[in-house]
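Take a look at the structures below.
Look at the two complexes coming up: subunit A is in both, with subunit B in one and subunit C in the other.
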Partner chain A sequence: MEAALATILAAAAPLVFAVIGETITEKAGVINLSLDGSIMLSAMAGFATAFVTGNLWLGFIVAALVGMAVALLIAFASISLKLNQVAVGFVLFALTRDLSSFLGNPYVHQRLAGVPHLPIPILENIPFLGPIFFQQDLVVYGSLVLIFVAYWFIFRTRPGLKLRAVGERPEAAHARGIPVNRLRYLYTAIGGALVGLGGAAFSLDMKLGWSYQHTLNFGWIALAIVIFGGWHPYRAALGAYLFGALQIIALKLQPIFPGLSQVLPSMPFPIMILTLVIIYTDWLKRLADRFPSLREFLASEPPSGSGVPFEPE
Partner chain B sequence: MNFARRFASSLVAIVAALAVAIGLMLLVDAPPFEALKLLVEGSVGSDVKIADTFMAWAPLVLTSTGLIVTFAAGLWNIGVEGQVMAGAIAASWVARTVDGPVWLLIVLTMLAGMIGGALWALLAGVLKVYGRVNEIFGGLGLTFVAQALITYLVIGPWKRPGVASTSGTEPFPEHAWLPTLPGLRISLVAVGVALVAVIIIYFMLRGTRFGLRLKAVGKNSRSAYLLGIPTTRYMLAAFAIGGALAGLAGTIQATGFLHRLVPAVSGGYGYLGILVALLANSSTIWVPPVSFFFAMISVGSTQLQLRLNLDSSLGGVLQGVLVLFTLLAQGWQSRRIAREAAEASAAPPVKLVES
Partner chain C sequence: MSLELRDIRKRFGPVQANDGVSLTVEAGELHGLLGENGAGKSTLMKILSGFYTADSGEIVLDGRTLDIRGPGDAIEAGIGMLHQDPLVFLPFTALDSFIAGSPGGFVIDRRQARKEMMELAERFGFDLDPNAPAREFTIGARQQLEIIRLLWLGARVLILDEPTTGISATQRERLFETLKQLASEGMSVIFVSHKLEEVEELCSRVTVLRQGRVTGERELPCPADELVELMFGKSVVIQTKEPVELGKPVLEVQHATLEDELVTVRDLSLSVREGEVVGLAGLEGSGQRALLRAAAGLLKPRSGTIRIDGRTPRTYHEFLDVGVHYLPAGRLEEGLLQGMTITEHFVLADESTPFFVDWDEAEQQAAEEIRAHFIKGRPDSNAEELSGGNQQRLLLAMLPDHLRLLLMQHPTRGLDIESAAWVWEQLLARRHDGTAIMFASSDLDELLMYSDRIAVFFSGEVIDILDARTATVEQLGYLIGGVRAAS
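Let's look at the complex of A and B:
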């Protein structure tokens, strides 16, 4: 049991980075649809950098910068040029995906020592919790801390309030003197950097190495989880862990149903979609009405300014 | 946008895309001009190559034309890839079970493909209209399901006798193949069907009541609804048409090119079609030439892998850069136009690129 939970925590860590990053971006009112490609390109760039320089952490930094660069392109196209975010995002998905194959070609199946395990002294000896939470590596610790920091920042600080304001009510935010488009640039860049870290968490840790389309479909899954997570860090993280659990279950079922082994890995996505349908039905709303204290957690409406360009007049 | 401006922005985009491609090749120590020459020779350098390029062109034209219909209705049908697969599954089922003369099989497989693709698209449409699931995510989810379904069929019920692998089904009986020109892989039926589809959709969007109302729904579904257009029905119709054309592309892939069902049956023509539709800027008439250019890049880039040991994904990079720069150039231009207009008068800026 402890082992399985620890594996899920670790397996979902890259997704947690990507999902929290995209949640922040969408909270500010921008949709980065390029995720499936930008995770791939940053995973490739991170691995290549670490392989060439021998410095793992430099790999993470480069991956974050790549993710940030792609996100900034989307911000520029949608905020400054007022192009359609979906169009630009999709084109950048296709472009970065193919770019990762082209530039990553020399690094296919190269070997590299990944992020080392780093058990935390004393805490690791706590029964049950120790093996789950405190015998991981820095990437997993980082993903756990990120969830709480993101929640605290978005919902409990003044800058977080402004972040939500530019996503929900850009006109009102503008009227109160908040620089809407500058903040949207900022949070798109930060979200992109986190997505890039997610890519590096794949290629340098959880799925160590580089191969053709190494992180295929994880970006689309991350985008679905953001919706599933109702733009809330805790629920988004929960979605990532549920997905991790499904993956582990599929892996365990493989020897029992060998025929299904090819089909199962793609199943979580439709399950996610089905959940979306259920989320959008009324009972979740009614539940939130009955338990007002849970409203923040159960809300599933997208930020209302999301995807809509803002033009100060 | 007037023609001269549009031409200028296209030219800028093409030059920029070429510059990026050359830069990338220099980065990996490949000879850029030889590679570009190989790209052209590998796609239109001989009869065989031209035939292959047209066999990539036909499904690409079909998916792009279908996407133009859904884009016109304001719908992001990103699930088109799954609709290609669903069409291929339905066509394969007919090809494997129905016996008869070649002409009958052509008609039946194509009908089956259109129905399969249309149903798959309607699923995404119903999820959007009645389930409030954004069509982007509904479509993507259904693509995963279609992919899983093909894999299941190929290793399960339709597996080759004795072999359970993902390499594909048995080839279809030959009467179910689209007839090809002797010695070449091109099927005139496939090319003809693609052309007919372009012509029909062109006139439908331009000159019919249905097409005009569909565009009204796409421009502003709320006003269209208030004016008495049944928007829900129009959206579902757009999904069905787009899906039927995507399913036709799947049929051509299965019965005209691969002659069996394989997991990669879609050939990526769904996703590529989105790029073509964006580059054609929602104008049906531009779909055939843009598709041909893209088919050239896709077919030609396999030569780069064979002859220069360059990864063939360079073709995809080239296509992506081209569309990206075209969009950016258009956005840049309309921003300038808007600013000029704002300076000239207090009139509100015109949005040209917003779809």
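Let's look at the complex of A and C:
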């Protein structure tokens, strides 16, 4: 049981980075639709860097920079050039995906030592919790800390409130003297960097190595989880773990139903979509009405200003 | 302290919205800003509050020329604006809307902010729940939230852009008291409106704008005719309603029970005849909207029947087919499409539009409609670029020619007197074709002036139906508050 939970926590870590990153970006009112491509490109760039320099952490940094660069392109196109975010995001998705295959060719099936395990002394001996939370590696610890920091930042700090303000109603934010477009740039960049880290977390840790379309579909599922997560870091993380669990289950079932081995690995995707459908039924809302203290957590409306460019006049 | 605007100019494409406007406001003064729809009032105030930047001109506060590059600079200088549509964040808690944009430490001290918010609210007698999302607030409460927020930020000049549209009579009274109190404490208040009575009641001085220019400044009290002439460049004659022969009933509601989010209306019976105008009075959410929506086919009655010309249509489309048309109150939310041009609106509204649209012709037709309805805008103007009053004109211009029953909510909300009179002239003319009209309004004068009969709602019940020729404002006011006439 502990082992399974620990595996889920680890398996979902890359998704957690991507999902929190995109949540931050969308909270600020920009949609980075290139996720599936930018994760792939940063995974490839991170792996290549680590492979060439022999420095794992440099790989993470480069991956973050690549993710940030793609996000900045989206910000520039949609905020400064006022192009359609969906169109730009989609084109960049295709571009970065193809770029990763092209540039990543020399690194296919190369070997590299991944992120080492780093059990935390004393804490690792706590029964039950120890093996789940404290016998992981730095990437997993980072993903866990990120969830709480992101929540705290978005809902408890003044810059976080400004972030929500520019995504929710840009005119109202502008009227309060908040620099709407500057903050949108900033949080698109930060979100992009986190997505990049997610990519590196795949290629340097959870799915160590590089192959053709190494992280295929994880970007799309991350975009879906952001919606499932109601733009809330805790719920988004929950979505990522749920998906991780589905993946592990599919993996475990494979030897039992060999006939289904073609289908099982992709099962988590439709199941995830089904969950999304359920979310959009009324019962969550009714639950929120009954327990007002849970409202923040259960609300699932998108930031109203999301995807809408803002021109003060 | 005094505030001076000098020679402000602002252009939007071909429209010169402000054309050299100068204005002075003293400390402790309640200053009115009057002007017809599209005169440039909102634009001028948005420039003063830093929301827009002027093309040229100066803003001088206490003899110091301000360099306002954005709303942040204006707030810092002590200038705060309450926008026509209060700019709160609907899903956020009221407290978060209150805090957003305020200076302070990295981590929000919500407890302290809540304390300060409640203190301010209490001082003005506002009843605001800091933990409720702002979307659950009425427009009036959202305004109150914005006002205390601006005061909290240290506003010394308070701008209110048409604050009385969409709020209840009690909220209006509360607002006026608050503004008077603030002015007596030395606040400069700029009150934007096109309602003469309100400006006369509240303000000590008034500046009138027309087509982007100042046409005059007067001390109050001042004869209303003079102000009207300054606003419109001519005196406005309000046509009294000529009587029309009433025909057979068009709308018949019998023992209907209607239920919407706000109220349940029980056992309602009412009919409207050809050529008749029935006004619906009452506080917001007393059942008028439910009745209008039910008569339009948008709300299914729980029980009872709704007949149109003796028939019982069921779906919204069947209601449309028998000639029923509903104009809701929310202009941009329900009636108009943001991001679409005037031409596109007319094409959409026209049932006979073929599969392929002839855009040149559509544009010509739109230009004609714009002329015919005196809309200030071009065929390629987007709906949200129009001033509030012109959005309303566009909605009215899109009405089909022949109707059996016209249902409206606040048909002249936000319109200046001339436009309102003009709109009613158009509407009343439809009576000659036998169109029946039913409308809800919070403007008692409008109800008395244009209705034949007035149905007064009080918490889901029609407590009286008055003959508009003999009813008075006082009588209506009491009934709306639920006080039946002593019989």
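Everything that follows uses one rule, which is that the second predicted complex is superposed on the first by the 313 of 313 C-alpha atoms of A that agree within 3 Å, B and C clash if a C-alpha of one lies under 4 Å from a C-alpha of the other, contacts with A are read in each partner's own complex, and residues count from 1 in each chain.
Just so it is clear, contacts are C-beta pairs under 8 Å (C-beta built on N, C-alpha and C of every residue); 3 or more make two chains touch, one makes a residue touch a chain.
Given the structure is predicted, the values throughout are model-derived calculations rather than measurements.
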Touched partner set for A:159, first subunit B, second subunit C, both or neither: second
Contacts of A:232 with subunit B and subunit C, given as first, second, both or neither: neither
Which superposed partner A:27 touches (first subunit B, second subunit C, both, neither): neither
Partner chain in contact with A:184 - subunit B first, subunit C second, else both or neither: neither
Partner touching more residues of subunit A, whether subunit B or subunit C: B
Partner chain in contact with A:304 - subunit B first, subunit C second, else both or neither: second
Residues of subunit A contacting subunit B in one complex and subunit C in the other: none
Footprint of subunit A on subunit C - complex, ascending: 12, 49-53, 70-76, 81, 83, 87-92, 96, 99-102, 104-108, 131, 133
Contact set on subunit B toward subunit A in their complex: 24, 27-28, 76, 78, 127, 131-134, 136-138, 140-142, 144-145, 147-148, 151-152, 155-156, 164, 166, 271, 274-275, 278, 310-311, 313-317, 319-321, 323-324, 327-328, 330-332, 334-335, 351, 353-355
Subunit C-touching residues of subunit A, taken from the complex the two chains share: 156-159, 161-162, 164-165, 168-169, 171-179, 292, 295, 299, 301, 304, 312-313
Subunit A residues touching subunit B - in the complex, by the definition given at the top: 33, 77, 80-84, 86-88, 90-92, 94-99, 101-103, 105-106, 217, 220, 223-224, 227, 259, 262-263, 266-267, 269-270, 272-273, 276-277, 280
